[in-house]
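Take a look at the structures below.
Common to both upcoming complexes is chain A, partnered first by chain B, then by chain C.
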Partner chain A sequence: MRNFVKFGGLLAALIAGTSTAAAKDTFKVGIVTFLSGQAAQSFGVPAANGAKLLVKKLNAGEVPAPYNTPGMGGMQIEAVLIDEAGGATVQVQEYRNLVQREKVDVVIGYVGSGDCLAVAPVAEELKTFTILYDCGTPRIFEDADYQYVFRTAATATQDNVGLVRYLKALGVDIKTYAGIHQDYAWGHDSWVDFKAAMGRIYPEATVAAELFPAFGAGQYGTEISALMQRRADVIHSSLWGGDLQSFILQGLPRGLFRQAQVALSTADHVLPPLGNNMPEGVIIGARGSYGYMAPESALNTWWDAAYREAYDNVVPVQGPYRMAQALLGLKSAVEKAMKENGGVKPSSEQLSAAMTGLSWESPAGLIEMTNGKGHQAIQSIGFGRTQKDKDGNIVLGDILHFDARCVNPPADKKSIEWIEAGFPGADCD
Partner chain B sequence: MNPILRTFGLAALGALVFIAIGLVVPAWFLFTMTKAVGFGLVALGLVGLLRGGLLSFGQGLYYCGGAYVSGLMANWAGVTDMIVLLSVGCIAGGLIAALVSPLVARYRGIFFAMLTMALSMVAYGVLTKIAAIGGSDGFNVPKPTLLGYHLAETGFGLYAIAVVIAALAAAVCRVHFDSGLGLIASAARENELRIEYLGASVFSVSTRSFILAGGLAGLGGTLNGVALGHVDPFFSYWTTSGEMVFIAILGGYASVTAVFGTALVTELVRSFSGQYFPESWQMLLGIFLLLVIVFLPRGVGSMWAKPAKNHAIRSIKEPAT
Partner chain C sequence: MDLIFTILLDGLIYASWLFIVALGLTLVFGVLKILNFAHGGLYALGAYGAAIAVPFFAGLGMPEWFSLLAMFIAAAAVAILIAPLIERGLLRYFYGRDEVLILLITYAVFLILEDVTKMIFGVNPYYVFEPRNLLGNVEMGSLFYVGYDLALIGLAIVCGLGVWFGLNRTRIGKITLAVIKEPEVSQAMGVNIARIYLLAFGVGVFLAALGGAFTSPLISVQPGNSVSVIVVSFAVVIIGGLGSIPGAAIGALIVGIARAFAVYELPEAEIFIIYLVMVAVLIFRPEGLFTPIKARKI
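Now for the complex of A and B:
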């Protein structure tokens, strides 16, 4: 019984210890991304690193114009970092804890589409301004309307529509194509979008194979054999992280990348770890104009240099870029709201009003909240193809960008309907 | 006083105390307690199995079954009444367990554990492939009601329902465990052969415990699905089942209330370590589990619920005195 009393005392202390009031001049941001598990190395940890760096630089006022004022509207940013591991169940609970226990002002987070879908209604219920910074599924704003939830990155639609447009722009001749994707929502959705876009842009091409290995399978011997036997002209894949690295390393000695044009929709993040093990002639997407495909601007030059300096000269890939566009969007919204409310810390309602339909410059170019009634961003996207430079190092060449309105549906259209209707209203000049 | 009445009286008293506590604690804590009850219910079913010497690593299947059936009913049929949803979830979990039991109740030990886990992973695999119900992303569950009233946004209503369910489940389990049928399960753990000689069927004992555990898991799944507002195939993933086994083992099988406490403590430890040590919270959770196993090997419940007479332990002690 004495143990039990001690135990209770410890618990009470734990609970009491958390109710520290936030200081007046800080702006508390909950940041949720994968710090453990499969998506940590590829997306989560680089994004968290990007967030830490950018928060430090913003607080010091060291970010180039128009973000050169300190913090957010003069308030110092205080970041609370949370691991996204554990599934949607854990994330809903942690979201509530961030808002109700930690009293954060806003939450930025979520790589997993399932986490985004689960958290969005809770954000609405708790009336807390929330930015989904990465997840890809178009379902969030196509299936529901939210007042407090925003997504500052484009949906996965542009990854695959853009990829088909890039194949066409390179003049790749396609009679047959195949797909290899992880067997979960991301893989299936990517393949549906890609097939639909192929149907419009390459109407003659036929599907040679569709393979759905398990998430985290790691061994692709059978799939590579199947792909090599079918001899498709193009192999499309939305694999990422360790799965993608394994697939590349296992396919390379068997000549898969010489036999077919491989097009990877989200592969920029495996270039730093693979280095010169990356085969030549592979088409790489980054889910935006990120890293190697980032547009030239003072902001991007600064961001690239700052990130490399802080993290052992590693190239920032999609994770840090997406985090940066969320944080810079938040700063723009906070400062816009403060201009309108007389300079006090904005409420979630004021932030939502300010963010709706907002557009701002990010290292990856202009981000515009045009879709989902002003809650869903569109942005430009870049693609490239690996090649050897004169020293024999693998670099990206043939880099092309597509305008946001060329690869994203107009505001009033659902993604898949827009693709199947033949991209009405697409502006590709 | 009739011991059954006494048990239910105590449960009612406990429920009232916890509902009163619910009026003063902050909103985040209400939610954590509600979720802990959901997990605790599943762990309570595991306690029933553990008493009979069975350890299931696949309770996620019935947890997920309850959550999916009630969640889909809320989405497709528009039924949001908690009483209906909880009943449906409980029956769904129990039914799935009843279908599975003829297969698994013949096995013991590691074979039983692995077979139950395999079945839950089959369900996980199938659910991730059904795009019509969201595939691996799952689907959202609408806000619950009770007898036509919307439950308050503060989460107190759902918490009160959870407390009542927990008290009821704990009382029913206590009465069942102390009944003749329940005691046979404990005897089966000690010596199956002797039970068969005495004329009882170990198979039907296991089946009964298994269906009870399934029903409780379905109840817990429904409660958590509604509380979270989202259901996905991860409910059936083996790590979910593993978490419940941890809670059950931490609680121990001496008490029917300990599992709710350990579920809450596990949630709190995970949440606080996750927040203050986002990059090493798994290690802290591991250290916590180790400490409990080292210092309370018979579970947290052994601190207050002393097992009536444990012959195995006494016979070891006796020669020493």
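Now for the complex of A and C:
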């Protein structure tokens, strides 16, 4: 279950160093993501690749400004990569190993919401600065307060609020809609958020079907028949990874994507593997302005080019982007803390104080730790619709972005209550 | 009426896929008395085999229809390479031991196959779309179905009849039936039981791999494909009765149609209904629907 990959250029520390005290230190980061299992190909391995690349570039001081100083506060980054597979119990043990045996300074990790929920209290117990970089459940900071735990990516709330706003912005006429989601917390939560947002933005629309196939089901023939027979105007899905690819491959020849407007809340990661086998006219989200939907900036241009160069021209999707914004946020917090403590390696308490309420630029735009008492990020989100370019290749068109404050609740509101109340305080101008 | 037809047709397609896989599982149990958890891993290997074999033969300039044959070849290759390795190399040392121990051993093989598959093929997906486009689309009721999916019904019937014919109408099949009934007496009569066990296990592996190979055009072939199929296949053989071929057929039909009904009428219970049916059968027929009553041996 456990796979250690250590990397980091210790040699570079001798020639780097903005602070002599810091240059002697290394900054050890435990990175946890899926290296095996179903989420590895879609999220984990791309994120791990992004981490390896960015750590290397940060250590060499090759990232564009404002991140062009080597390492973190002059300290070379040493990363310890751990597989997230195995479930929450295993991950709690792995987390303890990282902190108590590997003696990491911070932990960045976790795609699975169950893993985030399980690890957060342990991080508090061990008083270790921890960044949750990917998991989506809003419950982490809505149901509890933490001192040492932060999440540098937005919650899943914006997936569905943003998606409904995007449908409205495109002028999609919806009388009926249907949903197909995996039968576990992620799928059910996504559907609840989507239905609640539809209730406010398309109050006349009714649900034609709601399907919850098993995670990893593989066979969707019956579900596709049921969806086609109900003839909904829009089909919403939070399927991901192999399940989503199988659903697309099985639905395409049966005409599902011609019959209804299909809206996939977190599907950018299937575009590189499916390529031109992806049907036209499908709405794609990614819980952020990532990859094909990333905003134009010097930082994003560099990141996109560096990732493609390192990984055989593969387009970076949400996994590596989210990992990058976590590492860049960490660098910002480390260097802010070191400015305040005289330039020595910051403690977890100092890092927590520096990260609370912090904002920083990422390849996906501005990340702001405004929610969860300064521990939960909000960010903008982009959506697009697949179309063919002049060469017949599938690309994303109709790309629209929504501001972070348009698709995320204000700091003092719980997500579902905010949606059901009609998005009070949302700023969509 | 249209809805009932659609439910039955969707259920039948799903049942066909399940039956091909469950048939191998029940055959191995019937002959070797092994509940083979590794069956799911062998299914996945069949899918990977097809994803390699189809483009390989296409690259040799073979016609498009040959991709269907390539999937058979892939399944046969998995059976020839893997079955002796598992059966002769591992399982034979545990015949006659506690069934729970053997189940755990096959579970270990399942985990090993998962990791070996990942080491060989990586975590990135493989696609093999071509065979599914060969048979066109067919309008059935108010919906379009892919001809390939409907052809799976025929493949399942061929597999079922083939195994039945092999067991009941051939010499080696009759010897196998004798081994199932009385292994010790068969051995005393000069039957090479090891050969029968290897053959039966090989056919079981072939059927698992065939299920995977013919599913590969419908899915993205990647790690994790093996789990769900083994769980539902277990439900099928338990409903039908472990070791019974007609039981596997009826079990697959019951599961397929019950699941299709749930998708349309009770979607929250899509997964639950499979196990509800299983529990209901076990309450009234603890040994499954088709397990014959056996005289107790003293």
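Some observations on this one:
In this text, the second predicted complex is superposed on the first by the 405 of 429 C-alpha atoms of A that agree within 3 Å, B and C clash if a C-alpha of one lies under 4 Å from a C-alpha of the other, contacts with A are read in each partner's own complex, and residues count from 1 in each chain.
Keep in mind that, in the parts below, a contact is a pair of C-beta atoms (placed from the backbone, for glycine too) under 8 Å apart; a residue touches a chain by one contact, two chains touch by 3 or more.
Since this is a predicted model, take the numbers as computed values, not measurements.
After overlaying the two complexes on the shared chain, residue contacts for A:36 are found with chain B and with chain C alike. After overlaying the two complexes on the shared chain, residue contacts for A:185 are found with chain B alone; chain C is out of touch.
In the superposed model, A:355 lies in contact with neither chain B nor chain C.
Applying the stated contact rule after C-alpha superposition, one finds that A:228 touches chain C and leaves chain B untouched. When the two structures are aligned on the shared chain, A:263 is found in touch with neither chain B nor chain C. By the touch criterion defined above, A:317 reaches neither chain B nor chain C.
In the superposed model, A:81 lies in contact with chain B only, and not with chain C. Applying the stated contact rule after C-alpha superposition, one finds that A:306 touches neither chain B nor chain C. When the two complexes are laid over each other on chain A, chain A has residues 36, 183, 215 in contact with both chain B and chain C.
Remark: chain A residues 36-38, 40-41, 45, 183, 209-219, 221-223, 225-226, 228-229, 242, 245-246, 249-250, 253-255, 273-274, 277 touch chain C in the complex.
Of all the residues in chain C, the ones that touch chain A in their complex are 3, 6, 9-11, 13-14, 17, 115, 118, 123-125, 127, 129, 132-133, 137, 142-146, 149, 215, 217-220, 222-225, 227-229, 259-260, 263-264, 267-268, 270-271. Those residues of chain B whose C-beta lies close enough to touch chain A in the complex are 26-29, 31-32, 35, 128-129, 131, 134-140, 153, 224, 228-230, 232, 234-235, 237, 240, 265, 267-268, 270-272, 274-275, 278-279, 281-282, 296, 303-304.
Those residues of chain A that touch chain B in the complex are listed here as 1, 3-4, 7, 11, 14-15, 18-19, 35-36, 80-83, 87-90, 92-94, 96-97, 99-102, 113-114, 117-118, 121-122, 125, 137, 139, 183-186, 188, 215.
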